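Shared between the two complexes below is chain A, which has chain B as its partner in the first and chain C in the second.
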Partner chain A sequence: MKEVIIGLEVHVQLNKLRSKLFCSCSTQYHDSEPDTHTCPVCLGLPGALPVTNGKAVDNAIKVALALNCNIEEWTMFYRKNYYYPDLVKGFQISQYDYPIATNGSISLDMEGGERIIRIKRVHMEEDPGKLVHVGTIDKSRYSLIDYNRSGMALLEVVTEPDLRTPKEARLFLNKLKNILEYLDVFDSSLEGSLRVDANISLAGGARAEIKNISSYKGVEKALLFEIVRQNNLVRRGVKVVQETRHFDEVRGITISLRTKEGEEDYRYFPEPDLVPITIADRVDDIKKTLPELPDAKRQRFVLQYGISDNHAKVLISELGLANFFETVATEVDANLSATWVADILKGELNYRDLDISAFSPNHMVQILQVLKKDTITENGAVQVIRTILDEGGTPSEIVKIKSKDLLKMDVDASENITLRVIEENPGAFQDFCKGKNEAMHFLMGQVMKETHGTVNRSTVIELLNKSKKEKLQNAPDNHREA
Partner chain B sequence: MNVDGIREMLQNGKSVEELVHSIFDKIEHSKLNAFVTLAKESALEEARRVDKHGAKGMLGGIPIGIKDSISTKGIQTTCCSKILEGYVPPYDAHVIERLKAEGAIIIGKTNMDEFAMGTSTETSRFGPARNPWDLSRVPGGSSGGSAAAVAGGEVPLALGSDTGGSVRCPASFCGVVGLKPTYGLVSRYGLIAYANSLEQIGPFAGNVKDVALLLDVISGYDSRDSTSMTKKCEYLKELKDDVSDVKIGVPKEFFGEGIDEKVEKAVWGGIKALEDMGASYTEISLPHTKYSLAVYYIIAMSEASSNLARFDGLRYGLRLGKDKDWHTTFSEIKAQGFGEEVKRRILLGTYALSAGYYGKYYLKALKVRTLIKRDFEFALKDTNVLITPTMPFPAFKIGEKIGEPLALYLADVNTVPINLAGVPSVSVPCGFAGKLPIGMQIIGRHFDEATILRTAYVFERNGGG
Partner chain C sequence: MITKKTVDHLGWLARIKLTEEEKEKFPDQLNSILDYFEKLDEVEADVSPTHHVLGLTNVFRDDVAGQSISQEDALGNAPRKERGYFKGPRII
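Entry: the complex of A and B
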């Protein structure tokens, strides 16, 4: 197999901004009727002029800083001229020479160790409108256009061709998403928030550019398909040609759109309606507002809370989860918190396709506190979590209602049941007193069966040992026998 | 017809409604073809409102004509192109908001060269406008309708737009005053772009005072135009009968080959008259002037090729019967909607921006533009105005030059350097060649409209023109 070379151009919507990139239209259009979030500027009406959203520039600088980029002294916009029905002006306001930032990097935590993926450039541009088709694009008799998206601020992050596997590409995107969400500039849950163009080639061969992949999983799938396709061509002795391809999400395949000869000439030139923006003087202030980023947080969690790196890695994968953990860990034991948040709660959430906002950190604290006091068992604590997620309620209510199942039996009740089991199984108790392990397991099983697992093993063992001791003291004959 | 005259009429009992009625009556019987769309209903409604509540604002009850390239909410705006047929803007340009706020009454949209690409108002889809001094001649362009309407007494004020001379040329040909403000003084928000980095909206009137008044209304900062700037003064207040501090520079390159002898003589006469009134003059040189036309046309056409891409008939404007696939539909709409001159400029501009040519043409033009700008800055250090002929010749016959695009481009030789430099310039009447008016161009420092308007005002008051 030849080495695979992958580079990505990732378009992320800066969808946490209140207004679009060049007008004051609201960005909150996702649940709205088509064309309701538009104005003369984002509809490209004759005579309307763009004005740069300063907050968008600040957010772009934030991202550039988080990606370890060089930030230029000043930046400017260009017109990228091409025709497409979703493009209202016949050109897109984008960047060309003098992009906002260059030469950054993202580090990936791979099995084989750390991998540094270089970022070539980061630039801003406006989003076109959205084409809507009845059925699929090739079957639909007409296109509908929704201009709500037109003029949304996009950030394009371009990597060097440093990625080697589709999995690396997916991890890169996850890491990028992670960083953007930490910076509070991006909400990945919104439709159309991310679109990827992927360049892929086999060492020595021509590259294919797969355009407009709209999901994280789609990128991995498209690249896997492309590797097989290009390898098959090489095996059959057919030359791979440089071309632009489309990824069909439904069928999971890529289809040729155009070859190199059909490449467009975008006739870039400086946007005359906008003036160059000096950014160097803002960078220091923005740097001060940068939050702790995922890698730094992971290190701090291990150092400050003494939890394992594996737990830290899971906890920082979502900012909400990391914050949840810290809230809980300040109230109860950090290692216990890490286990319960990263392993158990995260698993229950994933199973239900929920995110961490579905659970209150206060509830987690209460559950872990009663667990620590031995008032409920581990099994009981899991039951409480499940009940809250499925039916709602608070830990104390649930513990009260389901006390029979969940409440740890008081020591007297445990003792009664244990003594009854001993009485009912004299032979086994005899064996236990002789030090036979299987007998201990048997008795334990019986106690657990009677109590539905609501007592602690250690309590039962304590009781069994106490009875053994008493028996040995009260019956010297038996002792001698033994 | 001027603003003071109208105010006097209104004070003597004439109602604004009567005035507006008489204006529409005049326009409807006019041979000038200066107006292409009339806003009768809204104008009369506004007139009645003023009659009821009294004239308020700097232009209360004063009628005005608006070039068809400036967006007017509810009034069809087409740049006199077939491709914008039926387009009614849902918003007002900044200058229109300002006019309405000051009580002006918008009479209608004035004729122009299609997308402001021309020097004669002959490429309009509504047919050519005519020069009030000689109906067989052009009124100049591209804002020919606005100049003709003012010169013909149809309205006292009008707005045009000037990308390479489009206000000053028709002002010169029609014998009225027309100003191209400093780039950035008047917001372009709502002006349908021909060449964004060059153009400004500018006022027309029959006299300098009214131009200053209209400039007061439309100028100043607008947050919707990133190239807009704050103004420094109120222009009407700055008009004084004194030019003793005015140092005139006379650039020899603007009096060279191709300038009509009568024009040259009239403008020199104007300069001498100003000297008599207390100004001084020196002959100077703007050495990069010879590159102006080439630089101007490369920049203007390049920007135009991109600006005009949006007109595809998809969201507004021309529709042709049955729609075919998108590519075919928009190609046919462009083929039928754009006129010859517009197509020529789109093609040339597209070529100039293409891969491999961008550096050779557009980028080079930008560099030479900087040199031209420096010429002006340098010349205006020791002088505070420059005076030249506005146009090399008086108004020509309709049809006379339309077949020779290059000859027409050459007519802009004295006006385009001013747009490249971004400085302000006013054209004032300065005598006649036979019965045809001649225009004198007074150019100033960046944002120093006050001095050029004052110079023009003194010239006008003391028997110039």
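Entry: the complex of A and C
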């Protein structure tokens, strides 16, 4: 297999802003009728003049700093000329040879170790409108256009061709999303918040540019398809041609777009309606507002709370989850908190496709406190979490109502069941007495099955050991393992 | 050098339909205009580029959402519309 070379151009909406990039139309259009959030500027009507949203520039600088970029002394806008139905003016206000920042990097945590993906440049531009295809893109007879999105502030993040697998591309996007959300400039849950153009080639071959992939999963799928397509061409002795392709999300394939426009056809020239922006003088103030970023938080969690790096990695993957953990960890044991938040609660949330905001940190604290006091079992605690997620309620209410199931069975009952399991499985018990670990796990499994997990593991182990001792005393000639 | 082929491509980029006659006529005219630009070569090379004629920098507005126009007004100039959308040509 030939080496795969991937570079990404990621367009993210700075959708935490209140207004668009060059006009004061609201950014809150997502639940609105089409073409209800427009004005002469974002409709490109003659005579309308753009004025730059200062906070958009500040947010762009924030992102550039977080991506370890060089911030340029000053920056300016250009007109990028092309005709497309989603572009109101026949040009897009974008940036060209004076982007806001260059030469950054993102570090990825791969199985084989750290991978540094270089960022070539970061620049600002306005979002075009949204095309609604009637039917599939290659068959529709006309298009419908909603300009609510027109003029939204976009940030384009361009990587060097440093990515080697579709999975790396996905991890890169996740990391970028993670950083943007920490910076509080980006809400990834909003439709259309991220679009990706992916360049992909096999070593030595021409590259295909896949345009406008609109989901995280789509990027990985489109790249996987392209690798197969290009490999098949090479195998059949057909040359891969350099071209632009469209990713059909529904069919999971890429289609040649046969565009006639090349880079020089965009006829970039300075936007005469917007004046240059000096940025170097804003950097120091903005640096002071930068929050703790994911990599730094992961290190701090390990150092400050003594939790495992694996737990820290899961916990920092969402800012909400990291904050949730810290709230819980200040009330109960940090390692216990990490296990229950990162492993158990996160798993239950994922299973239900829910966000961490669906669960209260106070409830988690209460559950872990009763668990620590040994009034409920681990399994009982999981039941409480599930009940809260599925039916609502508070931990104390649920423990009260379901006390029969959740409260630890008394030791007598545990003992009866454990003794019965020993009686019913003499072979396994014999092996256990010989010190075989699998036999212990088997017996434990039987007891848990009988009791639906409502007994404490340590109680069962105690009982098993007690029985073993008794057995060995009754038969002193049996081999004794220390 | 602008050839008939360049004119044909420029016409496509600008979405202008050119007649055969125009495609024959325009290359010479455009070339003579470009020749005139060659005068710029006489300027000393160490002149720094002018990015903007106003001499202003950093003109910003605050990030405050204001009033948009109505859907009816937005679509007012549209020759074709459908269900609140602008209607455009098929793409590709």
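Everything below uses one rule, namely that the second predicted complex is superposed on the first by the 402 of 482 C-alpha atoms of A that agree within 3 Å, B and C clash if a C-alpha of one lies under 4 Å from a C-alpha of the other, contacts with A are read in each partner's own complex, and residues count from 1 in each chain.
Assume contacts are C-beta pairs under 8 Å (C-beta built on N, C-alpha and C of every residue); 3 or more make two chains touch, one makes a residue touch a chain.
These numbers come from a predicted model, not from an experiment.
> In the superposed arrangement, does A:Asp273 touch chain B (first), chain C (second), both or neither?
First partner only.
> Counting only touches as set out at the top, which of chain B and chain C does A:Trp74 meet: first, second, both, neither?
In the superposition, A:Trp74 contacts chain C only.
> Among the partners chain B and chain C, which is in contact with a greater number of residues of chain A?
Here the partner covering more residues of chain A is C.
> Considering only touches as defined above, state whether A:Thr36 meets chain B (first), chain C (second), both or neither.
second
> So, does A:Val51 touch the first partner chain B, the second partner chain C, both, or neither?
both
> Given the touch rule stated above, what does A:Ser140 touch, chain B (first), chain C (second), both, or neither?
Second partner only, chain C.
> Does chain B (first) or chain C (second) touch A:Asp265, or do both, or does neither?
both
> Name the residues of chain A shared by its contacts with chain B and its contacts with chain C.
40, 43, 45, 51-52, 81, 83, 85, 143, 265, 267, 272, 274-275
> Which residues of chain A touch chain C in their complex?
Residue positions touching the partner: 17-19, 24-28, 33-40, 43, 45, 51-57, 74, 76, 81-85, 98, 131-133, 137-138, 140-147, 246, 257-258, 260-261, 265, 267, 270, 272, 274-278.
> For the complex, give me every residue of chain A touching chain B.
40, 43-52, 79, 81, 83, 85, 88-91, 143, 265, 267-269, 272-275
> Per the contact definition, I'd like the list of chain C residues that touch chain A in the complex.
For this pair, the touching residues of chain C are 9, 12-13, 15, 51-54, 56-71, 74-75, 77, 82-92.
> Would you pull the chain B residues touching chain A in the complex into a rising list?
So the residues of chain B touching chain A come out as 70-71, 77, 79, 84, 87, 89-91, 93, 188-193, 195-197, 223-227, 302-303, 305-306, 308-312, 314-316, 326, 330, 350, 353-355, 358, 362.
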